[in-house]
Structures are given as structure tokens and as C-alpha cells.
Amino acid sequence: MAGNSFGQAFVVTSAGESHGPGNVVIIDGCPPGIPLSVEDLQRDLNRRRPGQSRIVTQRREPDEPEILSGVFEGETTGTSIAILVRNRDQRSRDYADIRDKYRPGHADQSYDAKYGRRDYRGGGRASARETVSRVAAGVVAKKLIHAAFGGQVVGYVVAVGDVQASVDPTQVKAEAVEAFGPDEPNPVRCPDHDVARAMIERIEEVRKDRDSIGGMAEVVARSIPAGLGEPVFDKLKADLGKALFSLPAVVGVEYGSGFAAARMRGSQHNDLFVPSEGGPVTSTNRHGGMLGGISTGMPIVLRAAVKPTSSLPREQATVDRRGVATTIATKGRHDPCLLPRFVPMAEAMVAIVLADHWLRWRGQRGPVIPRTP
Amino acid sequence: MAGNSFGQAFVVTSAGESHGPGNVVIIDGCPPGIPLSVEDLQRDLNRRRPGQSRIVTQRREPDEPEILSGVFEGETTGTSIAILVRNRDQRSRDYADIRDKYRPGHADQSYDAKYGRRDYRGGGRASARETVSRVAAGVVAKKLIHAAFGGQVVGYVVAVGDVQASVDPTQVKAEAVEAFGPDEPNPVRCPDHDVARAMIERIEEVRKDRDSIGGMAEVVARSIPAGLGEPVFDKLKADLGKALFSLPAVVGVEYGSGFAAARMRGSQHNDLFVPSEGGPVTSTNRHGGMLGGISTGMPIVLRAAVKPTSSLPREQATVDRRGVATTIATKGRHDPCLLPRFVPMAEAMVAIVLADHWLRWRGQRGPVIPRTP
Amino acid sequence: MAGNSFGQAFVVTSAGESHGPGNVVIIDGCPPGIPLSVEDLQRDLNRRRPGQSRIVTQRREPDEPEILSGVFEGETTGTSIAILVRNRDQRSRDYADIRDKYRPGHADQSYDAKYGRRDYRGGGRASARETVSRVAAGVVAKKLIHAAFGGQVVGYVVAVGDVQASVDPTQVKAEAVEAFGPDEPNPVRCPDHDVARAMIERIEEVRKDRDSIGGMAEVVARSIPAGLGEPVFDKLKADLGKALFSLPAVVGVEYGSGFAAARMRGSQHNDLFVPSEGGPVTSTNRHGGMLGGISTGMPIVLRAAVKPTSSLPREQATVDRRGVATTIATKGRHDPCLLPRFVPMAEAMVAIVLADHWLRWRGQRGPVIPRTP
Amino acid sequence: MAGNSFGQAFVVTSAGESHGPGNVVIIDGCPPGIPLSVEDLQRDLNRRRPGQSRIVTQRREPDEPEILSGVFEGETTGTSIAILVRNRDQRSRDYADIRDKYRPGHADQSYDAKYGRRDYRGGGRASARETVSRVAAGVVAKKLIHAAFGGQVVGYVVAVGDVQASVDPTQVKAEAVEAFGPDEPNPVRCPDHDVARAMIERIEEVRKDRDSIGGMAEVVARSIPAGLGEPVFDKLKADLGKALFSLPAVVGVEYGSGFAAARMRGSQHNDLFVPSEGGPVTSTNRHGGMLGGISTGMPIVLRAAVKPTSSLPREQATVDRRGVATTIATKGRHDPCLLPRFVPMAEAMVAIVLADHWLRWRGQRGPVIPRTP
């Protein structure tokens, strides 16, 4: 029961289904005085929006947010902020077939087991449509951490299937993620542009095969003060891990050296501290910006593995609600690869965790003393 | 602030440092009627205990628990359960050197940044000694899920450095994890016995080199009912991910196909539902027992990457609290490889999450039995 | 930070201001299968609605709710329920005067102290308009506890100034609260009808004096199972106390014998247990249905003291934001006595607490029904 | 489930029974750098201690606290603080009789209904013995709010039965509460010394009658900054109300004018703002220091009604666990009037709420700017 809130101090509460009237998010605990407009929200909502390019789902949603509360004269008031995004292009008829059949890889069977019923239209609450609320809340979080300490969160795609990019998280620029050049958007959101073009090809190839493909995204948070994270359970790595795992289709999360560390020796893995003007830094960053679950002031670097879209426009064997064997071919409109639209969702969740921990830190420790290099 | 509690319905709250008087854990929300004894606790505490074999730290702690409350006439009463484990073999003098120097890979610098001070004796609150509380709470959780639905949680080591085991999570037996045979304990807790012996060799080799090594553990939870997990933020995968990431030294978590899914196509990855007597099951388990963040009834399979121990008995470059360059060689007594003792910690956290979600599920879905006069 | 959520298992999260676009509430954790319609909501919203009679504020709000999520085919799905009530009749110009002046008895000064700013239009977030969200959530809670165990919550006015009613909480009927007879509504919601008419006269007298008056409401919850309440902090009396104190204008709460108990001896106060078919009951109910903070199965009886409306259409001395002495006469449209509209708010909060504690009870105690294949 | 934690930022978690090994409390979220010693704790524990005078229970408990964690070199470290108070004088045999009988006014029947079992020794978890944990946590809270903003919490008895004191909460001194003079302790903790002596007489009279008596305590918190409290549910009045109602035997709570406000008109009740150097103050304090549920900077004044002790050393009719009529005379050792020992409990809960809200305020609003007159 009651799993639709996230955070302790910057609390995000979410409601809404894929084909109901809309999605709404309440953000509680945001400090007063943060400028917030519909345009701010729209920018990231557009990055998550279906129909934004030919390599994503063709569902057409304008995703226009309405701020219902918590903002007055252009700034947050400190009271709870509610944002509503109505659903427009629902085409419920596309989904009539899945009412009684369990789509492989989807949450149809598990929702039925959990609740004894489900809103089957477009996946209902299990649809990734709910992430529109996360992205809206993430905009507020990003503005807060930027205002508070210059914090910056950038996500990007590092792998589509076996097409792998090479990106330096300390240098990557948001512009390179979003565009190949002034007038040429980068639909796959990989800042390694040659590889990006190969990724796009791979996605189109997969779509023509009526198939889908997985991938990997990386998120870097820079200019994050040392000292964020609450041992022993709400370590920063634990809350960031939860945040990313709570996103649809995420099946693995690592930070810093991640799974590669399992093969390493301590003498290879330890980052050595070296003196620096703003306080100690490390010469390398295999620890991904967190030690003991607390930020060190070095860039925080996380990666998430995203499984291939489960909805496939081809016939697959399955069972129906009564447990009888049948087949299903998902119609609807789906992403052949989730990664391009995953980037703003992952950024949002990372920003929300950082905003939350920043407020928690400030509650316990008081006035802001940025320690970041 | 306030990160020492975990769970919503089965709530674990922890306190204690490496070299203070002891560690205490309060477990709140456990149903009444669960048999619980000091012996039950001791069994898993012994698996986590330092000094249990020659490949782990030689600190000598009996780790004898005292039940302070919540148990009456051998059974839980439904009120809060407190368990105290006193520290005995502290040898504080070993740690005097680290008072002013930051150990590479440790939380010394980040704790100082966070709190402006730290109990430096043996790592204080940042020491893995706090996991004694988690293991004690995990025993209660294991007993609860076993009593409630026959649930079983088994962890084991699947990799030490590049020495990798091959284990079938649906078949693995706790006995094979703990022992090579009736009188021969398995100190490395890998149920693939030939590989286990190679792992032990690798650990001894590393120790002789005054180095340490990373590895990977897997945890399987079997006989778990479909329907556990609370979308959209407290998905079962999200809470399990947080639980494992909250453990010391964990730098990556995956479930089911995990990071391998990033390279797969949907047609390869989807598990197909097939009819079965107890309800639909899948013929394969690449989804690791969770879809939409809710358990499907299939075994839940997770893996955690554990970094090599940061404490090394060799000289490393670092800085001191004032930011001046220096060197440090950690004395103390440390595990050359954390994995053998990590297994009961990981099991405990998985069991705690399952107990919590089972109670949450029952609150929302459990049958109505009016009790009114 | 973050005080806009209430409850642990049945969680109500609220947002909205008096003169913004509207108020929204998210209800998380409600079990699936509870029938819920706009008409269900409208019934109680009408009881809280401004303009419902001549003794309440004349602001005209239809208070028409829109269910945004969590309901499918007329029943709750178990996912989060969002309800939106738009504001219509805002007349912002009425409030321009209070932008810089602190109204006596209002939250203007304390909001400014807290947030450094405030949405001054109609009191913003501090307006009792936010209780529209509570009443909507209360409808869901009432339906849940009625479906689960036949629980029933009835509130009514027992005092307006010194006009005091005599009501037997075990016998009071909702119909008598709402109406004098088939076609004659009871605008003051006191079921002691002779006294009710005297109360109405008193309110009109006060209004003519351009003054306001306080009063007292009582809420009784009947057919509540024994065993609800979570010692030692979330005792049922503690959560009910908080629930009522969280309502605007409540300055005192008591249950059972309440403040009168301070003058009694134990031999006078103790209720004696007597045998009964459904389990032990007490022959008297001075304990107001709770012992040790846990429900006993006897009717739960609470009273709240409500202060006189602070907004007065007469001149009062005060200061402005800069701290300079001035005077103010609140224009706007206000209730001369809050009690008639307070009744549905108090019922809602009591029902929400009971729903929450029922789910919490069931989580810990509900029978085990294994669902594993 | 899970009702043994209190607070969001300054979190108190409690365990322990009347006749088990002891009581333990974990305080999570306390800022680092607060000096804390066993002597600090002992001072308030002595005020709560049984056997402290002839008008309280004669159970003999030294109530010596042991700090298990969270304090290093005499100051808090910012990590979780655990404090253990062992039980010594348990005399379990006194209570054998209540194993199967329900004591009137006690929680025996409601605990049985809730958990299906109970630790009947001395009331188990339902005993007021658990408040030893609250008082210990309250000491930490008092030290925190004093260090942070000079905040001060003083409680005292204002009524024993119909013996009523007259106390000015703005002037009352802790010394007058504790002692009649340098060498003469004030066992009843009423600072109106003539009335205090009458109260003592009344309590002795009642004890000789083998009866008990109720009363009323008042708590004032002074030098509290304006701006504490989190609308709309975690208003300061709501959390203070919950805090006091969570204490054993409290059956009513009011603040400021309280129940008297129900009889007043707005023109009588409103406190007018007047200019002052430290920001606006009110010339009267009928609002008890809170408006809109947020502190105004004026003294916070609360009153709690405490029922007469339920345990009576005389025969009363009741039923046993099987529902059969019987009689009971509580032996054991009990307070004829709870009020003298209630004072430190009430102070502790008020201080805990203020500490919690102070940290919450600081998280959202940042650096400390005291606004108190």
C-alpha cells in the first residue's frame, strides 16, 4: 500500500493512468522563492514526449502542464505544488485485446495478482505514461539544486544493444546530448555523435524487424557538494539506486566502476586523495562521487540498464486471465527502443534525490557551505 | 537527517558504532506469534561474524545478541522488538592513525564533510560492523516470511575477482552454500564447490599480496507470492535495489537478465507465459521474478557487485583533514574479500524487503474479517 | 517541510489555494474494489460547500469534483486516486487590502515568518478552502470502513457559544443532523432540534453585530472493531487528536470524559467490563472507545473546540508587513460561525484515521493466505 | 503496524516493556555538536522516576541511562543515538493476577483484541514505563532547541481534581516547579506554592481512600521562533496535540484559550498585533503562540487533561479473557495521581516536536534567523 510518494523532504506524490483524464503530481517541501513557469516544465516534458522523432512511439500528446498550486507571482511559495498534465490522444480501442490476455514482459499478470483487477487501457498505471509526473517534478528539483549550489544533472545514452559510445562524464555538454548541431536535433540523445548515428540506424533496423532493443543510459551530476546522503539506509547511492530502479524497464544500476569493480583488486580500485583548493579531491573517480554512501564532491556518475520494450508488433505465445494458452500481438504505438525518452526520466529521478538530500542535509547541518570544486 | 530506519510496515531502525558499547536494532511492526529466540539470531550472526574462518577479518567478536523487548514466552508480541549486540574486541589503538588522515576508498572524508566530525575508531558508524543489526533483523524477517507463505531467501557468492561460479538459482541449497560436506564448512559461501576452492585460493593469494579483491553475490528468493511491490516508486525491484545498495561496498545491482538485457532484443528477452496449476508461470525467468516492479510468483533473482575492501595493509598516498598530502597504511584487521561475510547481510536485506512488502500487501488486500461486537 | 500528507497506509496528500485554479487530493493505498462515483463525492462536498445556507459564507462554489485516476469501471483499482475540485468564484479583488496587513487571528504573520512570502488571495493555502480535499478523501475513507466492517462516522454541532445541546452519541442519526424534517434542512447540523433553532438565532444575531462566534462539535464513530491504534506514538487517540487539530480553527480536542476527567477520581471514572455476546463491553463509556490508545469496540466519541472566525467585518487594530501600526476590516465573505461547515470536515478526518488504522491493523494481523504457485 | 517512531527530522524510536530487560530509545537526525552526557539524561529521568517522593508509586528504579551510540568525546556526532535504561525492580509476581483478567480503565482488553496476546507483566508495553525513553529523548531535544535558538520548555501541574492553581505561563520558573525553596523539593510540581500544598493533601487523602485522582498540566515553550509548523496536516498544533495525546492517560488537549474559545465571540478572542522591535507581537496571547498552525513567536501554551490512575487497590467488577464476570483489585505499586511524574513526560514530548519542526523548518528555509521577541 501507498507506494506513490518519493522522498522525505522534497516529496513527490504521483497519480494517473495512461488512458484516464490525466496525470497529476504534488511536490511537497520545495523551498519558497524558486522561479517556476509552465515554459520551464514544457522544456523537459518535450524531451520525454511521445512523437518527438521518428525513432520513438508515435502517440501524439502535447503534454501541456497546468500548475494548480504552490506558485504565486512566478515563484514557488513553499506550499505544495500541484501540476496536471491531461491525456489527449488515447485511442483506447487499440488495447481492447489485452483486457484478458497477459502481454509477455508486461505487468498485466502481476497487476492482476496484486489488485485482482486492472485498468487495462494502455497499461493503465503500469504504463510509462506516469513518468510525465516525474519529469515535471524533476524540473522543479533541477531548478532547486541549481539555485542552491549550482548543481547540474545531465543524462545521455551510452549503449543501444551492442552499439556503445565513449563519453567523458566530466566534460559532456547538454547541448551535445540534444543536438548534432544548431538545426539538427539528436533524436537518440547520445553525445558521441558518430556512435549516435549508428544507434539510430540500429533502432530503425530493429523497428523494421517488428522487434525492440535494450540499452544503457548514464547520468552525471556535477557541482554536487560533499556531505549528501544519510547512512545507514538512506545512503545517497541507495536512494539513487532506488530512484533509477523505480523507473519502468530498468533492470540494473551501477555507479562509478560498478560491476567492473567485482573483478578488481583494492590497489587498483582505490581512488587516492590529493590536495586541492576547495578541499580534498581524488585523482581518479572510480568511486563515482560517493564513499560510504555520502557524496565526496566529485562528479556522481550512474548507469542504468534498460531492457528492450516488451510490447512487440508480432505474435507471441501467452496465457489469458483464466490461465488458458493463447497468442498476442501488441498493436498500439510503442518505442522500438526506450533509451531516447528514458534520458529525461533518469535525469529527473536523480535531480529529485539530490534535491531531497540537499534539504535533509540542510535541516541537520544548517547554512549552506558549498564544498564542491 | 534521519536515515537509520528502513521499511514502511516492517520497520528496522539501527544504531551503533564499530568501537562504541554496542549495536542495537529496533524492529517495529512484526506480527505477533512468530517464535523467536537468541539461538535463532545467533545462527545468522555467526555467518556474519568476524573471525569465522581464515579468509575473513580476525577481529574476535562473539556477537551474542540480547533480546530487550517485543518477545514474551518465546514469541513476538506485536510490539517493537529491540536486540542489542555488544562490542567486545575493539582494540581502539589500532585506529589512532586514521584520526586525521583520510583512508582512500573509505568514508572518512565524506563523513567529515557531512557532519564536521566523526567517531574515527574503527570507522565508527561507517564501519560494516553496523550490519550486525541488519542480520539480526533479517532473522526476524526470514522467520516471518517463512511462517506466512513458506518464503525462503538464499544468498551465495558467484564471483571473486575473475573466478566465476555457475549456479542455478532455482536449485541451490543453503547447505551447499555453508558447507562442502558434513564436517567441512565452506568458508567462501559459493555452492559451486570446485570454483569455491579456487576462490579461496585467490583470496589467500590476494591477502599475501597485502591487497584485497572484489566479487559478486547472488540472492534468490523462492516461494514468493505474486503481487508484492508498490508502484510507482516502491516497486519491489526499487526497494530491493535500495536495500542492497544500502549495504557497504555495493557498487552495482541487477536482477534477472540485468545488464545483459541492454544488449538484447525484445524477442529474445520476453519470457512467455505458460499455463500451470497454480496460475500462469513463465517458461524462462529473464525477468527475475518481477514485472512492472511487482512479483510474478517466479523466483526473484538479484546480483550485487561488491568492490574490493578499501583498507589495505600497504602504504597509499592520501591527504589529512587539513588537506595536506601524506601517506597511510591501514593497520587494523580486515577482510581481504568481503564476499563470504556479505552473503548473510544481503540475505537479511532481501528478507526485510519481502517481509515489509508482504505486510503492505496484506494491509491493502488481506481479507476483511470484521471483529466488531 | 513536507506536511501535506496524512496517514501511513491510507495516505492523503493535498495541494491547492483559496484563489488558485483549484484543489487536488491524491489518496494512496485505498484497497481495490470500493465503488466510487462523482455523486458519492458530491454529497459530502455539498455539506461543506460555501453558500449552502444563509448562516454560512456566501461565496458561491459548485465544488464539482473530477476523478482523475484510480477508479475504473466505477470501482477503485488499488492505485492512487486523484480528485480535482476547481475554484470558480474567487473575487480576488476583495482581498487586495490584506496583501500588506496582518489580519488579527489569521495566519498572515505566521506564513510570512515561515516562508518569507505568501499567496495572500483569500488566505491562499491557509484558507479553509483546502478542506475540500479532506472532505473528498473522507468520502473514500467512509466507504472503505463501511465496506470493511460496517463502520459509521457521524458528526454534529453540540455548542454555539453558550447555546449547548444534549445529544446521546450512541443514538444520534445522520438524518437528524442534516434535517429538521423531510423538506426542512437543518443548517446548523445540531441533532437536538430545539437547541438547533436557538443556535441559528445566535448565529444570526452575531452576524448582525458584524461579529463571529465559536462552538463545539462532536464526532462519534460506531461499529469500530476493537484493536485499532498503534502504540506507543500512533495511538488511535493520538492520530485522531492530530487529525482534528490539523483542521482550521480547532483549539481543543477531547475524547470520552475529556477535561471533566481531570476532576474525577478513579473509582468514578473507570468503566467496568461486563460480559456480552460479541466479547467484553463496558457498561459506561467514559473512556470514549479507546484504552491504551487502542479501540475497545465501544463507540469512539470525540469533541473539538472551534474558535470564532477570525475574519470580522469591523475595524481592528493591527500592523502591516513592515511592522507599522494600522487598522483592518476584512471584507470578503465569511462564516459568522464555522461549526455548520466544520461537521463534514471533522467526520472526514476521523474516517481517514480509521481507514488508515484499519489497513495498518490488517497488515500486521490479517490472516495469512498464501498465494504462491 | 509500526507506531513506535515519532517525528520526521528528529526521529524518536522506542522499545521496551515494564518488566522486560529494559527500555531503549534511538534518536535519529540530531545535528552533530550537541554536548550530551549521562548526567544530562539523569536529571530529567530523576524527575520522572518512580519512588521520588511519597505521593508517587513506590517502585524503586534507579533509571540509570547508558549511551550506546551517537556520542563521541562528549558531543553528538550526527549519527543515530541509542540510550538504554535497564529495568531493575520488577517484582513480576505482583501481576500474576492480571494475566487473565481485564483491569478496568487499562489496556488489557484492547491489547488482547489487537495482538491476540500480551506481555501482562506490569502492563508490558502499555505501561507508562515506556515514557522513560521519551524523557531521555526529550533531554536531547531540549538541548538542541536551547543551543539552536534559546528555546525553553517548562511544564507544571495546574490542577489536581478540583484544586486549581493560577500560573502565569510567561513568568513561571523551572525552579518554582521543582522546589518550594533551596532545600525543600516540590513533589507535586505546581509553581503556585500554596495551591501545591493543597494538592499534596488532596493526593494523600485520595491514596488513603485507596482511590486515585485526575488533574491537568500546562506546558509553556518560550523563545520559540515564528515560522515553525507544516500546513496543512503537520501544523505545529497538530503535532503537539498528537505528542501529548500519545502519552498515557491524556484524554484532552487544548492550547491558548482552548475550550473556553467555544463560548467566545471573534471580537473578544482575536489577539491584536502591535509593533515591537523583534517583529510584530500580539498584545494578548489567546492564540497560544500558534496561528494557522504555525508558531507566531509568542509563547506556546498547551494544557493536557490527565485521567485518574486506572489501577486501584480496591475491588472492581470486570471480566476475564474468556468473557466471564469476575472481580479484580490491582496490587502492584501505583501513583495515586499521575500529574507530578507527568510533567517531565509532557515537557519531553513538546521539546521533541519543537526540535523536529525546527529541523524541518531549517531544511526548507536554511540559515537560522531567530525572530523571537
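Letters A, B, C and D mark the chains in the order given here, with residues in each chain numbered from 1 onward.
Everything below uses one rule, namely that contacts are C-beta pairs under 8 Å (C-beta built on N, C-alpha and C of every residue); 3 or more make two chains touch, one makes a residue touch a chain.
The shown structure was predicted, so the numbers you read here are calculated from the model rather than taken from an experiment.
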Identify the chain pair with more contacting C-beta pairs: A-D or C-D. C-D
If you average the CA atoms of subunit C and of subunit D, how many Å lie between those two points? 26
Distance from the mean Cα position of subunit C to that of subunit A, given in whole angstrom: 38
Intercentroid distance (Cα basis), subunit D paired with subunit A, Å: 45
What residues in subunit B touch two or more of the other chains? 1-5, 8-9, 14, 29, 32, 78-79, 114-116, 125, 225-227, 231, 276, 279, 297, 359-360, 363-365, 371
What graph shape do the protein chains here make by touch: line, ring, star, complete or other? complete
Residue positions on subunit B within touch of subunit D in the complex are 1-5, 7-11, 13-17, 20-24, 26, 28-29, 32-33, 66-70, 72, 75, 77-82, 84, 114-119, 124-125, 359, 363, 371
Can you tell me which positions in subunit D touch subunit C when the two form their complex? 1-6, 8, 12, 14, 102, 104-107, 109-111, 113-116, 125-126, 130, 159, 161-162, 206, 209, 211-216, 225-235, 237-246, 248, 250-259, 261-276, 279-280, 282, 287-288, 290-297, 305-312, 314, 316-319, 323-325, 360-361, 363-365, 371
Quick check: in the complex, which residue numbers of subunit C touch subunit B? 8-9, 29-32, 78-79, 147-151, 223-227, 231, 276-279, 281, 297, 359-360, 362-373
